[in-house]
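Structure incoming, see below.
Naming follows writing order (A, B, C and D), and every chain is counted from residue 1.
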Amino acid sequence: MDLENLRESVYRANLELKESGLVLFTFGNVSGVDRERAVLVIKPSGVPYEELSPDTMVCVSLESGKVIDSELNPSSDTPTHLELYRTFPRCGGIVHTHSEYATACAQARMPVRCMGTTHADYFFGDIPVTREMSSAETTADYEQNTGLVITETFKNLNPEEIPAVLVANHGPFVWGPTPGQAVHHAVIVEYLAKMELYTRQLNPDAPRPPQHLIEKHYLRKHGDNAYYGQRNV
Amino acid sequence: MDLENLRESVYRANLELKESGLVLFTFGNVSGVDRERAVLVIKPSGVPYEELSPDTMVCVSLESGKVIDSELNPSSDTPTHLELYRTFPRCGGIVHTHSEYATACAQARMPVRCMGTTHADYFFGDIPVTREMSSAETTADYEQNTGLVITETFKNLNPEEIPAVLVANHGPFVWGPTPGQAVHHAVIVEYLAKMELYTRQLNPDAPRPPQHLIEKHYLRKHGDNAYYGQRNV
Amino acid sequence: MDLENLRESVYRANLELKESGLVLFTFGNVSGVDRERAVLVIKPSGVPYEELSPDTMVCVSLESGKVIDSELNPSSDTPTHLELYRTFPRCGGIVHTHSEYATACAQARMPVRCMGTTHADYFFGDIPVTREMSSAETTADYEQNTGLVITETFKNLNPEEIPAVLVANHGPFVWGPTPGQAVHHAVIVEYLAKMELYTRQLNPDAPRPPQHLIEKHYLRKHGDNAYYGQRNV
Amino acid sequence: MDLENLRESVYRANLELKESGLVLFTFGNVSGVDRERAVLVIKPSGVPYEELSPDTMVCVSLESGKVIDSELNPSSDTPTHLELYRTFPRCGGIVHTHSEYATACAQARMPVRCMGTTHADYFFGDIPVTREMSSAETTADYEQNTGLVITETFKNLNPEEIPAVLVANHGPFVWGPTPGQAVHHAVIVEYLAKMELYTRQLNPDAPRPPQHLIEKHYLRKHGDNAYYGQRNV
């Protein structure tokens, strides 16, 4: 994929994010990565979605974090994206939103628990919440430290099996193999967070689903023995 | 009804399901049955609703469960539909969704209680939740066993009077005399599940409506003495 | 107003009800009254809103309750409307819905309390819930008895100051000087019921607003000293 | 800015308010101020949004509170707006709504707490609730006293850092440097009030975010060291 294609695909994923209803005003951003060229491409900071075009997407070096060939500032969350691309080797696209239900979970510091098959079709376990950041972490290099606190949360988790996190008192970061799939996952995260709230309201003591049900559904759609969709035709 | 008509009606019911707002992405599926030919017709697995056409609907033998004359995989939930058609003799169409409120009830393992006339106009009693499936039931023939756990739930219930169920930690299966009416019922189930949540939030100890009120409303619309609508004109 | 005008205004109020989002499928109905001719005009029973026209509106005698000059059945709730027109002399239009939040209040048997100025701008006190109907009241003349249990609820209330009620385990009946204003009030009732739920969730022990605030807002918009709007220009 | 421009900008802000979904029917109003000419311009009272035009916006003297050159009544809340413009010297536009979640917070007498970065991006602390007004304050000069109870609430708060308030049992008043930005803030207030409700439902005991996180986000977007958006390019 050459850089023009990546700009185009990041641009389109940003539009899909807007159309999904997950973002208000200029909230949120989507990025994509080109690992061969060692760059990410991301939405410019604070620009309304209506004014975006593939050309306004900002290219940033994965190594130096510096803007390449653009007059616009990249999203202020760019250092967070950089940290995730560096640590999660198969991550191809990242979305950040302040979507209502997922952000409320982040504010309540409650994970989105895996309470059913809708969740297990996409995420092989709870969507975790990061720990609170320290004053030192917030004062300097805040956005990079946000990335580090996310990767710390995944020390014992597989970011391909659980491609999302809630940053405490902030909101969700969600990823996937491509920018478009990251947006798709962000929509699912919001849907699951909404159902998590309703489930808790209906029955705070509802039992967890058995692990065999979660495995069945996750593996029905992922891995070598998946049989959902048209892949076996 | 010849098979082309059934394909057309199942296709249109799938579109209505999409337009109803009950399904996200490729979630959900609708099927219909032709009992004379002993086949069901169902949505193909994992295909976006926008790409469907009557021709892409998949025909499956009621007896063998095998695909007839199609290159697409049927919905992975097909064995569940098969089991319901086999056991519920007047069921003509089935819908499965992960609609938000009904799925939250399934995750909370709380039935949608019959708390008012809106419910009693359609369902003559609570919409039940299935028991948890065992590891053995999940590991092999999972989708067929989902159907069996549903029919077990209806051992002492009339599936024509209560044409819906919540599969624990999964979501609703809803049926009716035709695919279109099954979709109609699925919309009602979501509406009732939403009001069930609100009712519980307002007053967890609210009394049940008297049985005579439930009977009055159900029988106003169903059976020989129904007087709702234009049927008596 | 001649009868054609009333048919037209009831027809248009039914369309407004549909557009307001308060009703699903064929749920709900609006009627209007012509007190000189002693008739009401109401939506036909079970007909989809898209198929309505002024001509399909059904005319019913206020005295005998019999259909005049129509081949369609009137709404099955017609005897309830009749009873309200007979007892509330200034009521010019009536709406019945199963709108989500107001119906949930009816199911929870919780009045929509007057908790703020939005409420007091329209309703001079709580929107009450009827008592449970007896088996005898439900078995025979159910719809008329629904009207009687409503008027009983207003024995010590002014139906012009509080033009709405929640029928227990059923849903709201709402009225006003005209069919259009009754629909307007039905939209407000749903809005207030929604905020009543949120208010209870945020703070179940929230104090009532002082009576002087309720009076101020109600009388700012109603009665001889009203000063809201353009009436004094 | 001459007066025609102000009328135009207040008119457009009123339309944006309507399009935002925050207001029902004729609820709500937006005003703007011209401090050189010592006038405010505001929506006329009780006129549907569809019938507004720049010419129908009503001009009122900041000093006398009298209408200048208009045949329409200004919004009945005009004396509240006047009081805020007099006391908050940098306030350029004011919005009043009865938006659902913010009004529910006002009815519950619960501030919208600063529980995360979405809030801190716009408001440097909780959005407060006014005290209950006395009978004397309500009986005479009610709307002006509403303004006074708001400014009393801000005795120790900076109205530029927290450009919104919830009037107890009434609803939000929100402001900003221009009428358009006041509407923007009103949309954010409703979004935050919604998340505040969800956060409380998920975890009533959720800890507050650390102060350094709130400062980081507020100062990332406001003041001399702001680095969000394109201002540094």
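FYI, contacts are C-beta pairs under 8 Å (C-beta built on N, C-alpha and C of every residue); 3 or more make two chains touch, one makes a residue touch a chain.
Model, not experiment: these values are computed from the prediction.
*Asks:* Given the touch definition stated above, what is the smallest step count connecting chain A to chain C?
*Replies:* 2
*Asks:* Please state whether the interface between chain C and chain D is built from the same residues or different ones, using more than half shared residue numbers as the mark of same.
*Replies:* different
*Asks:* Given that chain A is a copy of chain B, what angle of rotation, in degrees and a multiple of 5, matches their CA positions?
*Replies:* Rounded to 5 degrees, the superposing rotation is 90 degrees.
*Asks:* For chain B and chain C, let me know how many angstrom lie between their CA-based centres, rounded off.
*Replies:* 33
*Asks:* Specify, in ascending order, the residues of chain B that touch 2 or more different other chains.
*Replies:* Each of 201 in chain B touches at least two other chains.
*Asks:* Name the touching chain pairs, would you?
*Replies:* A-B, A-D, B-C, C-D
*Asks:* For the complex, which residues does chain B have touching chain C?
*Replies:* Per the touch definition, chain B meets chain C at residues 115-118, 184, 187-188, 191, 194-195, 198-199, 201-203, 206-207, 209-210, 212-213, 216, 220, 227-230, 232-233.
*Asks:* Touching residues of chain B toward chain A in the complex: what are they?
*Replies:* 24-25, 27, 44-47, 71-73, 76, 98, 100-101, 103-110, 132-133, 135, 138-139, 142, 168-171, 196-197, 200-201
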